[in-house]
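Next come two complexes, and both contain chain A; in the first it sits with chain B, in the second with chain C.
And then the complex of A and B:
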């Protein structure tokens, strides 16, 4: 039976964030004549692909009950490497960029696993430190891509659909299947739901968390490479604040910070909600600052709705 | 009983002093680290320990320090505040912009009122509505940054007539040879240290952060306690904005961006647990000063400014790790 409570809790097929996405989609279709066109919709997908790719990995980490604040810095480093190492060949540059993301993710995961320090603290430090590494590597310079194949790739299309949008949607599909259909996905929920019980059940908790940190590192690096190819350049400050946008998208998508609950479908909704809001308000010629306010208010509203519907009254003492 | 017997035996054998020193060292590890790093830097640079250099470092650290005092109270109460950076931008832009329009005194009053209002919004959502503090303050970070940009229209603000006003006093003035920012930092830290350690209010905050349910059952009005910590945090941000605005006599509209993380870094380095219920103001003061001295020391040794970020990365993790290792009597975790 479809009850309104179950509906808002995301137990039915359509999650609340998707209702919101559809609502603002219809709203902007009426408000702006340019909004509802194939080119604009693919445009939204390209614009959101950066945050979207990171959010895929972040969903895994957050379902685990961890958080990764260093994704923005990893994105920046990968972008700089992908452009800066092109003298050694494009393939090597891209492989090095992706490897750097996975390596830094592995370091984060290893530290969380072996030292037991809270992931928030570990990745907060990494966020500062990796930004330092970027400045060290680039010498505070922006890099421009001399290889036009790289810059062309960011703008290329297959039929009417941009390649970046296809990569994003493919990755989303794969990560959704891994989360819902594989043992790794099941373990992800188990670890987040009850870490002690998952250890007792024989899950290698530390290794598992580390793999998820490597995944988010990989996606942050991939997003960095794709963003650099979109711009044909990389700046040392690229990716600042992206961790905040990503976490906002994942939380909008219904993933709980406490772990054990969440979905890739919800995250996709959260990412699209941010993308459509930005794009739609832009088309309506609303100054960009209002998007910040609106997004923050939506995040708080989602939290209030979630709180009102989800808290069993017996669990908490009312005073 | 056994431990009492042991202690007595140790006392008789005269071994208590050694054990005492060891336990003191492990408990005050951050202080030891602080003195050690000061010593190392002083080996490499002659100016490092000069009085003028130390005063410069403390003065530079005072803005982060003032904010960190407030955020420490929030963290001891078991919550987080990520919105302080945006709030600092907001307060600084407001006070600088209003200075020429309604005079310094009124500008300061209005700035404090609005910053406290933002703190009250945080407190209402987190304390009274019991929403997750990380997400609420993350959302507020975005909202407040948007408000700053809407208010200023994306323009930077400054004070046109810089000579005919007493406003620079807060950022550039000296009282009894001590810079006013440092004085403000010291006074706020001392005041909050006394409040947290010696008053019933401070004890209640510790209780709420340590075990929220137990604090409710023992009759503490938990929700209002949490609410009040956000007012304190906002008050400290307003003080920091006063210093920042009057030192620069102008403001960019994103001047506070990233401060929330530097503040957190200082607090974590000082040894205050993010879980709540533990920590102290003086530890935060030391943590913030360590960050300041590391930055200064590395610069004096000729390294570029971003080296400090990499060093901070390592020492934050080391500091928390050693603290944890000391508690569990093991260096590494046991699970695979």
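And then the complex of A and C:
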């Protein structure tokens, strides 16, 4: 007991979520003969890449002390644009899709910064409004991609590894480095940890907030484009509930809703935990509704454990 | 209004057995003895003022009394019975109530709900008895002669009225002793008499009052007896009618101040900061002074005199409504703190934990927080440079931490403050503003920080120190700016000023005197 606590607290190298990921990985390896194979593992990475990409951006926004509920809607809009604008050329369609995500993120950030209205409310409004825009744009129709290059891209591989998995892992690496090694990353933590002290240190709070909203908007749009290319199509309802899955993954990974704490490594763990559980239970032929129940229970359990482990020590180091 | 020049009070001591007696109270915190063998008592129907400098242990004593802290030694005797209060609720039920400086009310609830928060009258089935609640509240509001209704929302009341609600809370359980901790700090002059009336009527009901305040005029107006604490030790009790302000001040400061004038900086350069008639509406007006290179200027005044607000305005956190700020001879006006930092101003804020530090971050990250540009290229941090910066100030200021990975939330106040100062030194500022640099810091670290500030000034920094502690201001400053009620009332030479003159200037008595001499 004590040793476990010391293990987790001393150096934050191994996070509780990774212990959990390893545990379920071993569990499913024994429970299903299909689980432990290269094709299944890359499959998990592809399945999780959509939620995973958004979660990378969401981690930044949440460490920064905000939240973005509009990511699912941004994903849906970007997917529709990426397919719907292909008449003007594939490149233009993709650029437009990604730009729409960044623009909407910028608007979210700007409103939160300038008005001081809680990000939860602002992005809740954005979520409803953007979903409305999708219906306006698509006329409630699904779009199908006539461009085979686009549809093939989602299924392409480099060697044995799917391109989508590579994109996700590369983005994870970059986002981890930016968060831990740059001034922007450091200030993101500072602003979320103590906004007042950050202002006193001359940190430009609003700028960092806005950059982070643009980042999450970009990743939501990227996830939308990649998802559309996987399906070769975009439906107006694409991305519903994704904000909830994303936030679940980020919170599982140890990022605090109150801001100031969190990591990309933890988020990767959270994303994988969800992916492995879904995939493993699928392979064990557990009905889909039970999967939701299990995921819900696990989310709460992990947070309870996290809370127990992170009780502030009463023996403060006072020298 | 209170008589401003009253030097002795008129109130005769009340002759009665004390309702509350504290004997030999000792309270130790890790590394600090906050209270050492303190005796204190309150008689029914009397106002007993408790005085002392900041950090003398007044608040700790009252927290022990109200059950927030438990004493390591000593006895609390209430009405002849020895008590051991485990928590504030326990103390409250026994009849000891602390009225806080910071109000702890729920703004979205009504006056009645706030007064009875946690002790709402109930009917069977655990339902709230609204009628009884209303009646009881009205009874309390009547005792307090309040002008507001039981169903007013607390959030819509003025600060003075909120304080009445807070006092109303104390009356839910028939109180025997009520402690007021700086009750007038947030009140305007015409709101104070209402408070005095309430205190008076509590006295008439036989309640013992402990009154903590810095303001001499209030204390001499209200109290029957005065007790003084100094550095956690009890220095004595006097009858208000038999003493005067000089004696009380001497009891408070007591020890020779050990003013080390020789070590103060003595070579000054040109003006680094100059304020010309700087004003911010409703906070302060017509503030003019200057700080030269290599000079330490002290800004002395009571809490609420507008000192921190002046500092925040210089730092770009508030925009002036009139007047000018000149930095290094150039007029400046910052709209954000970022601009101020870039221009070479550093502000060590009043509240370390809320404004100065990111408590969840480690020592190194806090140290480089304000100057990330200098330890990064193209946005990427250079870890070796960052460590070098940390090591430099860690050694220079003798910060005691096990490692740079230590979360600053786990450090002692003195070491935390050194990290905040280090953070600013790293930005190489031209002007260093320190707001209450040693508040809540133990004596040893205090001396170290004072020495450090003098060293910094000697090496050419212009330093502005804001403090409510007289020894600190006297011991550090080349010149002292006294503020009262949003105005600069006087400017003194730091080596020759008398304590009396300073006290007068910051309690408003000097203002009328100065006005008289100029007129």
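Keep in mind that, in the parts below, the second predicted complex is superposed on the first by the 302 of 319 C-alpha atoms of A that agree within 3 Å, B and C clash if a C-alpha of one lies under 4 Å from a C-alpha of the other, contacts with A are read in each partner's own complex, and residues count from 1 in each chain.
Here is the rule we go by: a residue touches a chain if its C-beta (ideal position, glycine included) is under 8 Å from a C-beta of that chain, and two chains touch if they have at least 3 such contacts.
If you're wondering where the values come from, they're calculated on a predicted model, not measured in any experiment.
Enquirer: Touching A:186, do we find chain B (first), chain C (second), both, or neither?
Expert: A:186: touches chain C, not chain B.
Enquirer: For A:148, select first, second, both or neither according to whether it touches chain B, chain C, the two together, or no partner.
Expert: So A:148 meets neither chain B nor chain C here.
Enquirer: Counting residues of chain A touched by each partner, does chain B or chain C come out ahead?
Expert: Of chain B and chain C, B contacts more residues of chain A.
Enquirer: By the touch definition at the top of the document, which applies to A:30: first (chain B), second (chain C), both, or neither?
Expert: Neither: A:30 stays clear of chain B and chain C.
Enquirer: Once the structures are superposed on A, label A:125 by its partner contacts, choosing first (chain B), second (chain C), both or neither.
Expert: first
Enquirer: Applying the touch criterion given at the start, work out whether A:202 contacts chain B, chain C, both or neither, answering first, second, both or neither.
Expert: In the superposition, A:202 touches chain C alone.
Enquirer: Shared contact residues on chain A, chain B side and chain C side combined as an intersection?
Expert: Touching chain B in the first complex and chain C in the second, residues 199, 204, 316-317, 319 of chain A appear in both lists.
Enquirer: Considering the complex alone, what residue numbers of chain C touch chain A?
Expert: Going by the criterion above, the answer is residues 30-31, 315, 317, 336-338, 340-342, 347, 349, 354-361, 365, 368-370, 372-373, 376, 379-381, 383, 400-402, 406, 410-412, 415, 423, 427.
Enquirer: Applying the document's contact rule, which stretches of chain B touch chain A when the two form their complex?
Expert: 125, 129-132, 134-136, 138-143, 145-147, 149-150, 154, 213, 216-217, 221-223, 257-258, 261, 264-265, 268, 274, 304, 306-310, 312-314, 316-317, 320-321, 324-325, 328, 332-333, 335-336
Enquirer: What residues of chain A sit close enough to touch chain C in their complex?
Expert: The touching residues are 181-184, 186-187, 189-190, 193-194, 196-204, 260-261, 316-319.
Enquirer: Spell out the residues on chain A that touch chain B in their complex, using ranges where they run on.
Expert: 111, 113-118, 120-122, 124-133, 135-136, 140, 199, 204-207, 240-241, 244, 247-248, 251, 257, 287-297, 299-300, 303-304, 307, 316-317, 319
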